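Letters A, B, C, D, E, F, G and H mark the chains as written, and numbering starts fresh at 1 in each.
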Amino acid sequence: MDISTILQQVHTGELTVSDAKAMLSDRGFNDFGFVNIDTSREERTGIPEIIYGGGKTVDQVREIVKRLADNRRDILVTRCTSEMYTAVKEVVPDAIYHPLARTIHYRFNPKEETRSYICVVTAGTSDIPIAEEAVVTATFLGNKVVSVYDVGVAGIHRLFDKIELIRNARVIIVVAGMEGALASVVGGLAAKPVIAVPTSIGYGANFGGLSALLSMLNSCASGVSVVNIDNGFGAACQASLINKL
Amino acid sequence: MDISTILQQVHTGELTVSDAKAMLSDRGFNDFGFVNIDTSREERTGIPEIIYGGGKTVDQVREIVKRLADNRRDILVTRCTSEMYTAVKEVVPDAIYHPLARTIHYRFNPKEETRSYICVVTAGTSDIPIAEEAVVTATFLGNKVVSVYDVGVAGIHRLFDKIELIRNARVIIVVAGMEGALASVVGGLAAKPVIAVPTSIGYGANFGGLSALLSMLNSCASGVSVVNIDNGFGAACQASLINKL
Amino acid sequence: MDISTILQQVHTGELTVSDAKAMLSDRGFNDFGFVNIDTSREERTGIPEIIYGGGKTVDQVREIVKRLADNRRDILVTRCTSEMYTAVKEVVPDAIYHPLARTIHYRFNPKEETRSYICVVTAGTSDIPIAEEAVVTATFLGNKVVSVYDVGVAGIHRLFDKIELIRNARVIIVVAGMEGALASVVGGLAAKPVIAVPTSIGYGANFGGLSALLSMLNSCASGVSVVNIDNGFGAACQASLINKL
Amino acid sequence: MDISTILQQVHTGELTVSDAKAMLSDRGFNDFGFVNIDTSREERTGIPEIIYGGGKTVDQVREIVKRLADNRRDILVTRCTSEMYTAVKEVVPDAIYHPLARTIHYRFNPKEETRSYICVVTAGTSDIPIAEEAVVTATFLGNKVVSVYDVGVAGIHRLFDKIELIRNARVIIVVAGMEGALASVVGGLAAKPVIAVPTSIGYGANFGGLSALLSMLNSCASGVSVVNIDNGFGAACQASLINKL
Amino acid sequence: MDISTILQQVHTGELTVSDAKAMLSDRGFNDFGFVNIDTSREERTGIPEIIYGGGKTVDQVREIVKRLADNRRDILVTRCTSEMYTAVKEVVPDAIYHPLARTIHYRFNPKEETRSYICVVTAGTSDIPIAEEAVVTATFLGNKVVSVYDVGVAGIHRLFDKIELIRNARVIIVVAGMEGALASVVGGLAAKPVIAVPTSIGYGANFGGLSALLSMLNSCASGVSVVNIDNGFGAACQASLINKL
Amino acid sequence: MDISTILQQVHTGELTVSDAKAMLSDRGFNDFGFVNIDTSREERTGIPEIIYGGGKTVDQVREIVKRLADNRRDILVTRCTSEMYTAVKEVVPDAIYHPLARTIHYRFNPKEETRSYICVVTAGTSDIPIAEEAVVTATFLGNKVVSVYDVGVAGIHRLFDKIELIRNARVIIVVAGMEGALASVVGGLAAKPVIAVPTSIGYGANFGGLSALLSMLNSCASGVSVVNIDNGFGAACQASLINKL
Amino acid sequence: MDISTILQQVHTGELTVSDAKAMLSDRGFNDFGFVNIDTSREERTGIPEIIYGGGKTVDQVREIVKRLADNRRDILVTRCTSEMYTAVKEVVPDAIYHPLARTIHYRFNPKEETRSYICVVTAGTSDIPIAEEAVVTATFLGNKVVSVYDVGVAGIHRLFDKIELIRNARVIIVVAGMEGALASVVGGLAAKPVIAVPTSIGYGANFGGLSALLSMLNSCASGVSVVNIDNGFGAACQASLINKL
Amino acid sequence: MDISTILQQVHTGELTVSDAKAMLSDRGFNDFGFVNIDTSREERTGIPEIIYGGGKTVDQVREIVKRLADNRRDILVTRCTSEMYTAVKEVVPDAIYHPLARTIHYRFNPKEETRSYICVVTAGTSDIPIAEEAVVTATFLGNKVVSVYDVGVAGIHRLFDKIELIRNARVIIVVAGMEGALASVVGGLAAKPVIAVPTSIGYGANFGGLSALLSMLNSCASGVSVVNIDNGFGAACQASLINKL
């Protein structure tokens, strides 16, 4: 209901003043002091509130999960540890843990999978954990996902073998460390949006993923955008928004 | 035609050996020595070959434009100078120059505008040239574009006034310098993909756009991806791919 | 008027629906397309909207000044050029230009000067332009200002000679380039908040002010906070907020 | 007593030469070899000497605390470990330990709390330890403190719900990692000095807090100054100086 | 066989369509899902596929080694751990482990050693592990290798004593940390290509090998090129390509 | 003649003491105060002393060229200006100027061209000036050179069209800016040493060539080494040493 | 006179109160508002106040020189322009200008030259301007100076020819850009303190002198310390202090 | 003996050819394969070969110490561990271990202590380990050393109390982390060379000592030079060279 309608109904008495005030100031969150759960996030942004496990204690994760579960909200914890999984199972016994992706999830409200798919591509085997974070997240958000792993430019013919599968996706996530060249090569071969995820895989002048990050930002292919280093989660969120347009 | 079909037709005599060879090795480019025009780029990537004026001489730009014009290919030059415009007009008299966006363009093959629109939002007045590069590019690629300027977080109520216009876009480009906070705020308010363009506007510890770039890469909002500093062109290309899905 | 009161008055008929809606959605800005003037900024933040001249064209500056002047709003342009001054005088003939501070200002509504003062201290002669930007800004905002220049630690007895004047300020701005040590020394000698402004003065491994910036952020004195490199304006804004508490 | 008075009293015989010399050379510190306690720091700077636990051994911390306790000076240790707490309790049995804030404190001389309050705001749950360091420090220094946690810009309506509480503070500390946008948003909404604390929370191109630091230094809001990454202590010191003006 | 010949033979019936297709699309790799072994790499690039152990699990390494061994392909694992060695021995019992070089290797197909040699030179004792990675790799690739260790510029007469041995190599690898000056000195004394390997040995402003890397990139000697920090493997690969020309 | 022979001949009287001393202390340079020409450099390192024009005055360049010409030494000046060319022509009237490559050269002693060739490849048109510096330098040093321009990965089919020409070179120089991905792709397709030259072409987070530099240092292809940003000269020197092995 | 003596003389009446106060508070500087000349600097630090021309206006330089000249203080201006020289001659007609070193100086009080000498060594011709700044400064301060130019490690035999001259100095200044290796080589050959001056000579990954700076800080030779990039002046000051011990 | 004399004696028969050759090629080192001990370093540079323990194995350290001890050469190991001490005692039972300084040393040839002293000053307690490395090294090299600890600029009166002790040194080492301001302050108060040692003490934007390093390099005091971060050893070496001039 927009402001005019609310006010009109106050004027006519259809709404009481206190109900109108509640509507105008509907908070859209539950404040538990140490955490302030954003209950309107999915409606507002297309992505529900998801728990970033890094930097949180095991107790904090269990408490937040418990509150979400009490409201039957779907649960996804990223960057989690096996200790967190043990704690989460106390409150959501059927929660699923992916050690490679470092995620815990559970869906109270299963979604129908999209028809179009997101293709997640990696340059190397070492990039797979970040790719799996993207796969788990995108699947959790209701997307069909196809993965193509270890097709980096050191042996570019491996990529060409899979190129039709990649081109037929609705949106492509390219996960690569080292020099990150794969994002440009894929961007130059496919007419779909490419979301590039630099990884911290590499050593020396890789500087924790900086080399791949700069590479991808400077891509000579024009349909490529970039998310943070090792941020498979963020890439999946944007890919999901695009896939569902 | 795929390989099997080509070979089958060679076998049956429907195709001559030399035609088959041409098909298999169709080059998809015109090599002029100093430049190698990628004639299949639009079919392959959804974006035609566009001329980046930075680092090219006026003569190079005129020659490339002439060759594209001879083939009636649409023309867009970015990062151009007024001297380039004078030279381009010699070969394409009706070419259009946007001094603020620093672009020259001409369409031999006008496209129908999309129904859905791309919304280009800036934090400040100084970010407008980069935003205009995005607007010109997206329009050139056949997209409907709406712009909302100077709604940065120092006066966030200006943003809220335009929020419905922004939310109704199919894809949102946020252009911001300084601390680049606008991308996160928009990402937290809209259920559409946000492509963030950091600009080099600012001074001191802005470090040529690094502060906004890092800000946007670290956005706490989950549907945000980033392109290079001041890269309005790249943002428009990806937005166009998304808008046309 | 808060939401409850507005709604109560709608209910009782003291306010019409359309007036109430205007109040609830009072925009607090004037949108001119290329600029969106934040008319409620002073009420909201204690600092009126001030024009940052860097990155704007001469025409843009004149137009913005004209619109502020039409509403008799006080005018301050920072990082301006002499060309901007010529343009501004066309619309505000009595505007005042400080070439060293690179500011233009005019007050339609003179303010009473505060009793307590802000002390602006520089390490060297070369830091004076940034210090003057702070002095002009703080004075424009209605503060009494005292300046103490060229008292850097290479000859620390010069500082001790002025230390009482510095200690008696309500808030202290320290402007220093090179190694920026003066901020720590003053912070260790005065029981007042110190706002440190690193300057880009220096060469070599100064890296455009980075050395002074890092120095000041790592100050061993505990009452020091920092603003951006060369940001005399920002230091003055915060000092003014503190001075008027 | 100033120099003239001292000399006058020497001349008249009211002071002996040796007493005058002691007065003129009053050292204001106790030198124990490995540590040189600054006994005049509170009188001089408004903040007493506080023990930074990082980089000190457990023995050094116990010894310093013992010497301060012998003189009944209030004790605050920051960045401490639980081993340090065990050691400190041997000499100050009633000392209080905050594991989250990593502080130990004890007040021999309780101070009256200020009426006006410092508001400590965090963007996320993971920023709370740094915020708590600020809360403990500010409280130790005699300030009333109010905290508002987990109101970052990914769900900005959570901030608006608390905005009056924030605006009514005398000084505001904003603690945020990732892109640090909250400092600008609060700075654009409140007419009070904002001290921004970047945190090292985040990953990838966060670079240990650099992204939030640069964001905050480049804030488009004009009343914001910044302290070192994760420096809740320093923010509290400056906030205390401001709150007590 | 080139495309024309293949097509001609299809036309004449010498090749069936399906054989021709296989030839045209010969994939040159074995895809095992998590790893995609590039079986044509040696033919294509002169260097076989080698397993980078960093970032892989022990299980992944064993599986990849097993698949290579099943095809009697030579095995080299770099950046491996002793746990990986235990696992590899299960599938290749005679594999050899160099703990200093952190390599495992086994050759099913011994190669004849080259006559000309690669000379591997280190500045200090601490650079030896990286040098040994180069020695093992170059030997594995069939090169004769000579090593000269601990002849850095702090005692440059040690270098002069070995200079003829160095000059007589066909290609020289210089491994140095700290300031990396040895690469320039050797480059100024020998008429052979020098491949410089910066190491992360050093402390403080060494920044993980950055100082040596920048030094070597800026070498005033003109025949020096550089590989990544600590990348003895990469230097050996390029040296091998050069040595075998 | 080595030390033993010299001493033996002194002993037998075949050499006088003063001749022997001259031989032992043969300086191998001509010291003119402001410049110290290294006359033995070609014999020692395979590359003669070449004049780096950057940072030298026009007078210095003319004087150095004159001294080299007086001794009929071949002349190559890099990073020169047209003013330098005017000055050089005064002393070497037939010197040749390449404005794109920014070189001046003249050969008193023409060399026979090598049979094998160096292939210089660029990603884009804007990289050509650096490539031309490499071409001129390599040709000056007596190498056959073939160039392949504008075959970057945004349209990778352009590269495949030229791949045999590239593979047949003895050594390959890849010149690329932006994300520098071409070096890895070529390294993955050719069994020859690849020397990668990052260029400063690009903008924003290119950071003056840093993105391409880091990309190339982190190349996943194993036969790639790197020279300084924009250093076509250095790449040509090393390629020449390799080509002549 | 120390404090006790002053007080004793006040007590006995040998000193008046006002004379004693003047003595105790002798300021040691002349404050002219925009500049605060440190008249006691030479007595205090061994180096008189010297004028850094960079960042000062021509008028400021003339005024400061005039005030020093009025007091017959020796004058040295560094980083000056020819315009500054014209202005300085108005007040000190016999002042001497070195365009290469960018200095102006005049000595009212000629000093006797030291017997021992400072040796200033450069790697290349392009480093000479910074070396000359050191030579002029050291000479101005009364030191005998010997210079050895263009003996960098690309042709290290040139250095060995001059090594005795260098070793016989009392202190050595090494000026080098690019990879700065010369400082380590000299440090490894001489038993005298070496002060290294990195220069900004070079290009690409030189990053304005950063490569030489890091090289020198990481020198494997143990008697080397470093001053700021291009800071010939600072090196000369410290060398002078050492030479006069 | 110089070359002429040697040759003359060969000529006259006073020297045999083989003795002359040995003299001319006297190597000045003992090569043990993994380490190449520089036996002429002390004669050549004033500082004997000292063992850097970082990056060496316990076995390597014991072996090197054993070889030095066999030749009765004085022993100093820096950056050592307690395990190294256990190993060293096996070969030199009387070796002395300083855990704070992380050094092991033993002098077979005690030196007479210098009369003049080196003063080692620290800003804080946490800087003491680096200072102690300097103290142990300088004492080992035969210098008298005086230390003054915890006199940083947060309480600058503590410094003034010790200033005469500092001024009377022949050379001053200032050890400071955080903002490193103490070096400039001491440099501005003493007429002696100051060698500044930045430490990695601090947090956040300290970046491992970078802030103190840049501060010290940009010191406004003119007699200050700098060594690497945490390099107490290097500072002591140079101070020793200066102290013994």
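Criterion: contacts are C-beta pairs under 8 Å (C-beta built on N, C-alpha and C of every residue); 3 or more make two chains touch, one makes a residue touch a chain.
Please read all numbers here as calculations on a predicted model, not as lab measurements.
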>> Applying the touch definition from the top, give me the chains sitting in contact with each of chain B and chain G.
In response: C, D, E, F
> Compared with chain A, which chain's mean CA position is the farthest off?
Replying inline: G
>> Nearest whole angstrom, what separates the Cα centre of chain A from the Cα centre of chain F?
In response: 49
>> Can you compute the centre-to-centre distance for chain A and chain E, using the mean CA position of each chain? Integer Å is fine.
In response: 38
>> Rounded to a whole Å, what is the gap between the Cα centroids of chain G and chain H?
In response: 25
> Mind pulling the chain E residues that touch 2 or more other chains?
Replying inline: 25, 44, 154-155, 187-189, 204-207, 210, 213, 217-219, 221-222, 228-229
> Among all the chains shown, which pairs meet the touch rule set out at the top?
Replying inline: A-B, A-C, A-D, A-E, A-F, B-C, B-D, B-E, B-F, C-D, C-G, C-H, D-G, D-H, E-F, E-G, E-H, F-G, F-H, G-H
> In the complex formed with chain A, which residues of chain D make contact?
Replying inline: 125-126, 128, 149-151, 154-155, 157-158, 161, 201, 203-207
>> List the residues on chain A that touch chain F in their complex, please.
In response: 123-124, 152-156, 178-181, 184-185, 187-189, 202, 204-207, 210-212, 214-222
>> Using the touch definition from the top, list the residues of chain B that touch chain E in their complex.
In response: 3-4, 7-8, 10-11, 17, 20-21, 24-25
> Which chain B residues qualify as touching chain F in the complex?
Replying inline: 25, 27-29, 31, 33-36, 38, 40-41, 44, 49, 52, 54-56, 60, 79, 198, 200, 208-210, 213, 228-231
>> Help me check something: in the complex, which residues belonging to chain F touch chain E?
In response: 43-47, 50, 170-171, 187-195, 213, 217-219, 221-229, 233-235, 237-238, 241-242, 245
